[in-house]
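Chain naming follows the written order as A, B, C, D, E and F, and within any one chain the residues start at number 1.
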Amino acid sequence: MAKRIAAFGEVMMRLQVPGYELLSQASTLNYSFSGTGVNVLSALARFGHTGYLVSRLPANPLGEAAISYIRKLGIAEKHIARGGNYVGMYFLENGFGVRPSRVTYTNRQESSFNTAPEETYDFETIAKNIDIAHFCGIALAMNDSVRSHMTRFARTVKEQGGTVVFDCNYRPSLWGDNGYEKAKPHIEDMLHLADIVMMNEKDAIHVLGMKTEKETRHEQLTELLPAVAQRYNIRVIAGTHRSINGDNTHVLQGFMLKQNIFTLSKSLTFSVYDRIGAGDAFASGIVHGESEQFSPEKTVGFAVAAGMLAHTVVGDTPMSSESDIVRIMTEALGDVER
Amino acid sequence: MAKRIAAFGEVMMRLQVPGYELLSQASTLNYSFSGTGVNVLSALARFGHTGYLVSRLPANPLGEAAISYIRKLGIAEKHIARGGNYVGMYFLENGFGVRPSRVTYTNRQESSFNTAPEETYDFETIAKNIDIAHFCGIALAMNDSVRSHMTRFARTVKEQGGTVVFDCNYRPSLWGDNGYEKAKPHIEDMLHLADIVMMNEKDAIHVLGMKTEKETRHEQLTELLPAVAQRYNIRVIAGTHRSINGDNTHVLQGFMLKQNIFTLSKSLTFSVYDRIGAGDAFASGIVHGESEQFSPEKTVGFAVAAGMLAHTVVGDTPMSSESDIVRIMTEALGDVER
Amino acid sequence: MAKRIAAFGEVMMRLQVPGYELLSQASTLNYSFSGTGVNVLSALARFGHTGYLVSRLPANPLGEAAISYIRKLGIAEKHIARGGNYVGMYFLENGFGVRPSRVTYTNRQESSFNTAPEETYDFETIAKNIDIAHFCGIALAMNDSVRSHMTRFARTVKEQGGTVVFDCNYRPSLWGDNGYEKAKPHIEDMLHLADIVMMNEKDAIHVLGMKTEKETRHEQLTELLPAVAQRYNIRVIAGTHRSINGDNTHVLQGFMLKQNIFTLSKSLTFSVYDRIGAGDAFASGIVHGESEQFSPEKTVGFAVAAGMLAHTVVGDTPMSSESDIVRIMTEALGDVER
Amino acid sequence: MAKRIAAFGEVMMRLQVPGYELLSQASTLNYSFSGTGVNVLSALARFGHTGYLVSRLPANPLGEAAISYIRKLGIAEKHIARGGNYVGMYFLENGFGVRPSRVTYTNRQESSFNTAPEETYDFETIAKNIDIAHFCGIALAMNDSVRSHMTRFARTVKEQGGTVVFDCNYRPSLWGDNGYEKAKPHIEDMLHLADIVMMNEKDAIHVLGMKTEKETRHEQLTELLPAVAQRYNIRVIAGTHRSINGDNTHVLQGFMLKQNIFTLSKSLTFSVYDRIGAGDAFASGIVHGESEQFSPEKTVGFAVAAGMLAHTVVGDTPMSSESDIVRIMTEALGDVER
Amino acid sequence: MAKRIAAFGEVMMRLQVPGYELLSQASTLNYSFSGTGVNVLSALARFGHTGYLVSRLPANPLGEAAISYIRKLGIAEKHIARGGNYVGMYFLENGFGVRPSRVTYTNRQESSFNTAPEETYDFETIAKNIDIAHFCGIALAMNDSVRSHMTRFARTVKEQGGTVVFDCNYRPSLWGDNGYEKAKPHIEDMLHLADIVMMNEKDAIHVLGMKTEKETRHEQLTELLPAVAQRYNIRVIAGTHRSINGDNTHVLQGFMLKQNIFTLSKSLTFSVYDRIGAGDAFASGIVHGESEQFSPEKTVGFAVAAGMLAHTVVGDTPMSSESDIVRIMTEALGDVER
Amino acid sequence: MAKRIAAFGEVMMRLQVPGYELLSQASTLNYSFSGTGVNVLSALARFGHTGYLVSRLPANPLGEAAISYIRKLGIAEKHIARGGNYVGMYFLENGFGVRPSRVTYTNRQESSFNTAPEETYDFETIAKNIDIAHFCGIALAMNDSVRSHMTRFARTVKEQGGTVVFDCNYRPSLWGDNGYEKAKPHIEDMLHLADIVMMNEKDAIHVLGMKTEKETRHEQLTELLPAVAQRYNIRVIAGTHRSINGDNTHVLQGFMLKQNIFTLSKSLTFSVYDRIGAGDAFASGIVHGESEQFSPEKTVGFAVAAGMLAHTVVGDTPMSSESDIVRIMTEALGDVER
């Protein structure tokens, strides 16, 4: 059933060097706007849901450009506050083969989103008119004010009977020294509020400080995640394991824990065009599967296929329809469609 | 020996999204003009033959652009009629890895070619001044008027002692529901007139309704094609078998039936840049081999190498010279040529 | 006061040769989507109103691209039906100096919009939820089925107490031979239903067949338009007079007839970047002025400034905010803003 | 009446910095192929004549690209010899306003054309199958071998009853120190052979060393050119006078001397997009007018309009049809054509 | 005589929408790096001087790109400190005709330059090895720490016998509310240290609070600037008056006060390609004239011609050589140079 | 320890068709400037050394563009002489898969570098101020005058106690018929002067005419190179063996002979973006390792990793820093860095 979904998060401007040149070689950039919230809502809009971004953008030409871009993706703009002065940005230089891609950020702390004053968002009203709210651990790393918005919004959603989705998305560079320690209380705040969580065994070990004697990722996962689900009272925990082959193909396998049962997807191997945002596509697939009450097998299969397709699409933001994903789940590699 | 070759067929405008964006992401298109006739004649011009396109284009800026493009390829324009109002078009979104390419057509039925009135072409004069005429099953799918042009032209060529080449090229989307049934009489008309035919066992089974108990493609091929050659009195039947590997390389093998003898090329495995038009390159190779009286081994080897190279070239239209193809038939993978 | 405005009209794909090359010289195109309805709603969205496009687009990648583009402009998509197979297109080659721009159309008759079956749109529901509906004489030139949609929608809007805006927009090339004669009854149908009309003295003379002995455009205008307003019971008639200088600057003057009083704007002289769509910007200015109950002087001044600014913007579609337009009405030519 | 016209001349590769950057700022170039012969034949092909380029290009990818480009323009390639190693090139940086454009040449002396051995061209056969041959003073500046080809070809054409057209096109940078002195005998050789000559009073004074006491360009022209026509027995002499306004528009006036009667065109004022090649468009107009037996008034008016339009077209090479030119001769500045 | 010149200032990244689209329409940006110091040193390098930028850039890919760009301009990098995290940026949307250009800044306060700690630069060493140091009022608007660097560097240069150049460059948007008041003490600090100052009568009135009863700009100028020169003991004061015509050409006149004598340049009228950075070209011309001991007439004529040419060049940064400027001072508008 | 390194060699303009089109299909080119000397110095500048190019470029816009480009790479321009008229150029068409890349040269013999008169360079002064000089066998193939410069410079460097590096770089197409014979005496001249030499067993066999009964490349290498080192008294000989896999990955292994000990690097397998210039990156790694007194294992490992990374970078010229290379030597394939 089509849901009304809000996502709370920053809009970033992505400035990408076209092709494979470095910033010191090129003279043009392609730009687009993304962010975990934008990516998740774009994916869900393509599955038939209505997505509302809850964010803040400046009332200047960059803010206009960001909003136009978000509208183009099919995301409703009515809960985007306008104010502040800046948009967070990152520069992307594409790697090739053994040479890795490089991301360089501008100062996000001064962005409109990260400087939003306390009364910026009317969470009461928003929460009354949605079914699901999505949150991401990246925003949690920003500052106290953003964290306060997040937990307040999540609590309001719970009070209104909505579903809270939380993607841990622990980024070491954002949390800095002693990051795990700093992050832990904030991530736990969200875990206590969340119904659906994206995380894996590394988050359990490093962020939550859980112990295991197991050695393989899979064993660790099956030992630790049920404990997490129980401790924080989480309905669904899902995530992916990724490995990278010597020929630069990636292997992705999705997992999902629900009612104490682990479900694993097939391992998918594929070529990668644009790595960024693929995790958001997976998360969207889980949210969609739960909304449509798919079986766990179908949900995690759909989510990992959505994640795989997002690697083949230009930009951070998933662009595949439900039928695109279902086709890729069932069909062999095909010739050109004409 | 250099031949004079006419090809009867529509000129299509190809509008391709550059790179890997979708039409809903991008804002620019690359355009070119192609079509089976254009592709075959371009290939044959590079082998030293003279090619005349028999087609119809509007007397407007799009028609001018199409003719300029065709001239650039080295094709003679003197049998292109001018009139009507539209050029058929298709949009191409490139796939990446597991994500397939997509082709979206505009309405071709109203094109100058598909609305050409009865007296448009002077087939008598054309037939007198050529050695070979090439026809394609795509045009056969258009409408009665185009079919009437085709069979009339083929018959006139036969009467003048010329060689008729026919490429079945059955496209399900063009023939619609009950397509095989609808197509059969028209394809049979052409088979009765043809000296050289491009087809494979699937055409025999589905279009011509022939039966076989064999299970592999190769067995079906060797059983059915001699029967086809005999029933329609066809001198040469040739075609390819394609398979697609998990790493997105394609495998192509050419075959040729002549005087009841089957000749198979080597199986070639290669990376693909532009899939469209590669079948026309193969057909051109067969026509060239027959024109030059190559041995069947050389003909089918040349044709499949021409087809392989066409997959590595930008656009629908083959651009390789005879020496390019001969080199690829004989040399190992080499370093940069400088 | 912010209004809810629907516009009924076709979405066209604009395929523009970048720079000043001809189609026969270039190899890339820039594309966008426009149409009178799109242009008017985009302008009005920038003035704070809510715009709903009433149209039909195919459920294929071109339709997706069109809808994404329209969303980006801030236009609500919920009254866009999906169906049919094609999008109308036009190719634009930019002129330079004495060399005029050229527009080449593809066949619009087969477009999704122009083949929309009778029950496509739920005009009752739409009419109940809007304040104003906008119609354009270009759609009127298409076919009986489109005309039937138009008059039915306009009548429903009137019945619901809404305002009907009609832009004559007589295009000789669309009506063909004896065009004035063919167009007259259909244009009169709309004039009888309309509250606000865009037209000038040429429409009165040529389409409506009115007579005048006056010789200057201005005299003809002031004689004929009051008669038109009276005959068809039209509240506001507005339009522009354009002339082109030797140095390729254009001169634009707006006029407006309301309650039998003529109001003229200043004559504005300016350089032109993109001529197409400027009339729609003027119309939007009139609709905005009337919605906001501006004085006639302010309305026509605002509308002609909106029209002027639309000539300086890339593409068919106006992009200026109300404050951009107000600033240009009051300020001298300025230096760079920084 | 449609004529068969040969032009003898070098094909140059034009490498233009796009937009207004300098070579030291940019990183991309647009390339095309041109030359006086190419330009004249392209223009004449658009007027319905058949043009044969007589030139020499290398059998390498640059030569292929040049020939493809020439074919695209509608010029017959059959008299282009293949051999040698290089194509002459020039780099073009566009000026803006007061900043002039800059042209930088590569070494032309080593080009295939300028190193063509004596027996390269079969002038006998060519001359037998054409009506008119066109020559340019730029080729005359190259070296003895090129000069020998030129005079031999011109003489053969005369012997076969063809018309010889010669465009003086004296370029100081090509002739070097004491250029006038060096050039004189060679230019006189061609003048003795020519029926139609493009030159003006400056050529008469500086190259031919004629004296005049007159001070204005127009007086000098009317005094000197009849003397030139008589001395060298030339049927038609034509040319243009250009001046450049402060607002960067150019003023162009054509003149033509035939049977001792001077005919002047209107003075045309216009904006300039691409200055290079406009003189060739004028020359083509004169050749066309003479071929069609236009009145001198019509010929010179057509030629100067062709020259004006060539300034508005991208690239060196005229792209206007006869109807484009006739329309510009008769119509006022118009709005967009749609 | 060739001088060694240091300029103290921030390097900004300029991100420009190509052509005339808005940020909300486009998807690509051209980028370059500039700043008053960069612009002045680039101009002076083209006049034969050696320029050292004194600035600070991050040790990341953006910093690398900035330094590569500066090196390309011929500026010595050895006094550029590496540290901090960010580069200041501005987005530029080009205006067209009556529609003005728009500049949108990112947060500069966090840039490497504006957060440089006290011991970043070794001003002693730098001052010992240069002849001239250039400072700009834009840097003065940043923060106390930058102002402290500036005055310390200027004082050190004076102590070492060097020449201090100061360009007032008062930017209202940078100083904010009560900007004149805030700016005055800092600007006065620099005026007391400066030998050569760029300013005009508006700076004297608004920033320095001087009074005049005169009404024309020119009268105000000649009354106030001698008083400024005397009060702050300034050897040379120079600047420009600009006006903008209805046809979007600009008029520029330079002035220079030296030894109590006013010298005015000719008024130059010209088309503008890129407005930004032209003031820096003028300043460079004054510095060059003073370095070369030109007469005041030659200096101010050279400077204003340098300023004019900078308007015709792509980007913020002057690219003209001394000979380019001298030619434009003496020659009429010319045809293409070839 | 940071060294001062001069490289003697020509600057070539590289004109590359973007993407995978042929010159006869495309209309734009990307240009850059390179050459063995440029490439080696760019790599060494990124390792912290100071590089001086010893070359000659014309005083025209192409020469300016070349120098700007070289400066951007961080190479000191002070030993680049200005004079002559031309820059050597090559056109590059990218291959795809089985279709090889093609390089087409313009005439280099007339370039400023190859026509430099005897007194162009002040080798005495240069040699006194550097530690190392690099020479390449490509320049040796040009003409006697270039060879004379080379040997004179190498001898001067030796006399001043500097290190001479020589890269054999035998190119069959440059030496023509009987190339080995022609090249031998000149290559031997350089070998006698060199301390560090890049070559492999093929050079020993074909150019130096040495004999071996061994069959594998590796056996030949270990037999012949010690003999070469001894005969010419060379301190270090290094080079690479390359093979190309069916999937278009390349395999590269470096070797180094020093004090009669052979050191082999690991065999690296990797995807290739731009093949050209990778040998120069390897050479730079050897020079850097020797300058920093790395162990032979580290030197050859660093050099081959530098070579591998150069295959992944756009353009001929290595762009990797020392830390980029060290990271690739030690880390596994990683995910995006953010």
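Following the convention adopted for this analysis, a residue touches a chain if its C-beta (ideal position, glycine included) is under 8 Å from a C-beta of that chain, and two chains touch if they have at least 3 such contacts.
Just so it is clear, the structure is predicted and the values come from calculations on it, not from any experiment.
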Inset, instruction - Compare the CA centroid of chain C with every other chain's and tell me the farthest one. - result: F
Legend entry - Farthest-lying chain, centroid of Cα atoms versus that of chain B: E
Legend entry - Between B-D and C-E, the pair joined by more C-beta contacts: C-E
Legend entry - Chain centre separation (chain A, chain B; CA means) in Å: 46
Inset, instruction - Calculate how many whole Å lie between the centre of chain A and the centre of chain C, each centre taken as the average of the chain's C-alpha atoms. - result: 42
Legend entry - Chain centre separation in whole Å, for chain F relative to chain D (CA means): 45
Inset, instruction - Two or more other chains in contact with one residue: find those residues in chain F. - result: 22, 24-25, 27, 68-69, 72, 102, 247
Inset, instruction - Using the touch definition up top, name the residues of chain A that touch chain B in the complex. - result: 72, 247, 249, 269-273, 308-309, 311-315, 319-320, 324, 328, 333-338
Legend entry - Residues of chain E touching chain F in the complex: 68-69, 71-74
Inset, instruction - Spell out the part of chain D that touches chain F in their complex, as residue ranges. - result: 15, 18, 22-25, 27-32, 60-62, 64-65, 67-69, 85-86, 89, 91, 93, 102, 104, 106-107, 109-110
Inset, instruction - Spell out the residues on chain B that touch chain A in their complex, using ranges where they run on. - result: 19-22, 24-25, 90, 95-103, 171, 173, 242, 244-248, 275-276
